[in-house]
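Presented sequentially are two complexes of chain A, the first with chain B as partner and the second with chain C.
Presenting the complex of A and B:
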């Protein structure tokens, strides 16, 4: 199967007059390739979270059709059919550690698989495997999740999602509030899972992560999809980026600074290594 | 030197955990901007809570503006210090923006006319006067933090502690809040302590303290701290973008200055090299 996710003219209107109305989607059509690492960017309130909540059927479209892993959801789909649908789609919410609740780390991670009918024994195997993936030392398995540090709690919460072996993993600002080491750990985990075939959908404000990790970018604004392209293409027009209240990756923004003083770039560098290569080439050659 | 905060031989541990601070001593100069950086769990926020008297030290003394932090002086200490926390949702009490800013004044039994005047002044200071009748829940993260800062300033603290106050904000919200703090610091002669793991936020300070597992590992000016990428990474932190770029250029045999450069300085350096090639 080629596409993991397809949206056909999807709109979502929250109840009229509610303060959330600005977050709605209007007439979004898109497809996300299976096995891709897709970043969803846009200003606060642009509809990023509403968009991804349709992918794991937390929200149903009020018009149009969402197709995920071959199954369709329309405004008429009954809520009863959504649970089996969600099984293969993992969702890591913002500040997922707020959802930890069990007595021990292991029990917390086992909850998901058990909820989907795995035996106690299997659930434990899946949970341990997931905790290994997030590099949580086994010494912590029987501790209360609330005795762990913030970064460790975050990783336990993510393990709870991974224990369900999702084919699609949606992460909504998974590194907000983490220190730099925690940030690198979570992003490298996403990269590793992606290499193993998991489709990653990352909602983020951090443009360096977009160019360092993603191969596809969706740009949202006021509930509309205003651009869908590779990261290089999205950031290649700095004026467009700034006009839409987005930031450039650090490397691109530094290169523009040099360009404004007369430095020539054949192509706007997107990563720090590309930038260093261009500068070294420019000042060493000739 | 006029130190507004002094910490002497501070010892503290949480129940059933390893000792965090063991005879920690440091002082903060009046009117300065100090960044405290360190990984999650390094003791940054705990130190702030000890200084504000939210936690009690096991031994050692903390002095705030000349008075020892203890039960008798708690009101004085809390009046002196305004704290902005990470999650703006956690610190709202008022039904509207102006109610929220007035809350601290109501607690201090300020007269109504003077309350109205202060609320107006402080909301204008943070650029949120137009939102005075809004419900806090409908604001963006950056706007919420600005309202929280207005509420804190309304009671005229001498010290402003930002406890990861920008870590939940989007890039624009973060820039807005930091710019505001810098302006307010100058206008009100505040002492600012920013607890952060954002290296760009730390770059605004005149002094950087690095905490690691309760120990003060580094106490230096930002340019010295930021120039050592290896050490920062070892401590679980990141070096600023310019330091990382300079190191990658050195690896490619481009000659680089041997001290930390900010963005403008590094741009100038590269342009000069380029003109000489």
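Presenting the complex of A and C:
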């Protein structure tokens, strides 16, 4: 099985048959490879969140078919059996700390595994493993999640998703509002999971993360998929990127500034390291 | 979730939109009172006709009004059925113990149905054409006489406007929490009653904690901007009585007079 996710001509209309009907996705076809690190980018309101919510069956397509890990969802799929569908798909929402509710951190992280039928002991093992992955000190396991700091709450919430051992992990702007260190930790966690074979789907506005971590990029605009390519190819045409109200990664825009002053680049550098290398080995136009 | 109509204002430029909120509130109450004076088909017909005129005047699609009625449809059906079955009559068509159906009970049921429909429609007109802030402002204006009795009208209006303002916010928040818990394996609205009650906890705890956070942030923001309770403050929008309000009152007086003339 090569594709973790397949969309076939998927459309989604919010509040169909009402005066407020709004097209959120129109005729999107795509496939996401198992084991890939896919970034979803696009302007606010471009349909990114709507797109990823289909992968978790939180939304059903109003037309077309979504196939995730071999199981299909169509507009006619019954709402009853979606739970088994969601079991292998983890979803970290924007500001996931809002989902915390249990008395202790450990119990909250055990909530997901227990819902999917794990025994009490197993759930506890999975929860502790997940909490270790997000680097939460064991001294906090029996505290109330509401007594933790914002960054710690975020990590507990992410652990709550990881404890379900998802095969596909969807993260919707997981680092919004975090300090640089927290940001770095979470992105590295995603990288580590990806190396272990988890398919990562990251919704983000941070173009640096796209070039640093992702190997595949989906660009959304007004409910349509306008580009699906590797990060290098997506950012290779700066005019196209700016025309679609997106930003360049810092290294690329820095390089463009240098180039406008006469510095030569063979290729637009996508990461800080590439930028440093090409500056070290580059030359000025005289 | 969005079939919940209250607190969903639809912007527009119609005559009804332009009326001042206090006039709309007052006439809304007046219409409900007029409805209770109706007691035959002719009077209900007059009211239904006026209602249709009002709805057309708002310029808002009829679908919004249908959506406003939908959540209450079971309550209406239940009440109408009870009314039909328990109205006593001398010559019933069908009888079983205290239950009976007759021409008379069907007519009473029809009246009850009309009453419900008209009351819901007129209040939907109010909420669709008036911003929540406008409604709070209208309440404040109408309650002003109570100030003489040292009743904290301004504070009450502020509380009301804050409450109305946060309805959509909390609804959106509820939606996102439900989605988060769904992806952690919660199945809302299925299973035994016990399971259903249990599945409310992961929803309610974050919702309440979020509401308290909102309240704290809001009070900090109000303090930061120098809010002092029961201080006289000016308003960004001042709603006075306008010509259109006077016309609307006249129209309602006319409707009331007609209803009084043709009722039994």
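Rule of thumb we're sticking to: the second predicted complex is superposed on the first by the 274 of 286 C-alpha atoms of A that agree within 3 Å, B and C clash if a C-alpha of one lies under 4 Å from a C-alpha of the other, contacts with A are read in each partner's own complex, and residues count from 1 in each chain.
The rule we apply is simple: contacts are C-beta pairs under 8 Å (C-beta built on N, C-alpha and C of every residue); 3 or more make two chains touch, one makes a residue touch a chain.
Treat the numbers as computed from the prediction; the structure is a model and nothing was measured.
Of the two partner chains, chain C is the only one that A:98 touches; chain B does not reach it. Legend: residue contacts after superposition of the two complexes on their common chain; A:263 is shown touching chain B, with no touch to chain C. In the superposition on chain A, A:277 makes contact with chain B only, not with chain C.
According to the touch criterion, the shared surface of chain A, contacted by chain B in one complex and chain C in the other, consists of residues 19. Those residues of chain A whose C-beta lies close enough to touch chain C in the complex are 15, 18-20, 53, 56, 58, 80, 82-83, 86-87, 89-91, 93-94, 96, 98-101, 111-112, 115-116, 146, 160-161, 164.
Within the complex, the chain A residues that touch chain B are 19, 43-45, 149-151, 176-182, 205, 245, 247, 250-251, 254, 257-258, 261-263, 272-273, 275-277, 279-280, 282-286. Put simply, chain C touches chain A in their complex at residues 2, 61, 63-64, 67, 173, 176-177, 179-187, 190, 201-202, 205-206, 209-210. If you check the complex, the residues on chain B that touch chain A are 39-41, 86, 135, 137-138, 140-141, 164, 167-168, 170-173, 197, 199, 236-238, 241, 244-245, 248-249, 251-254, 263, 266-267, 270-271, 273-274, 277.
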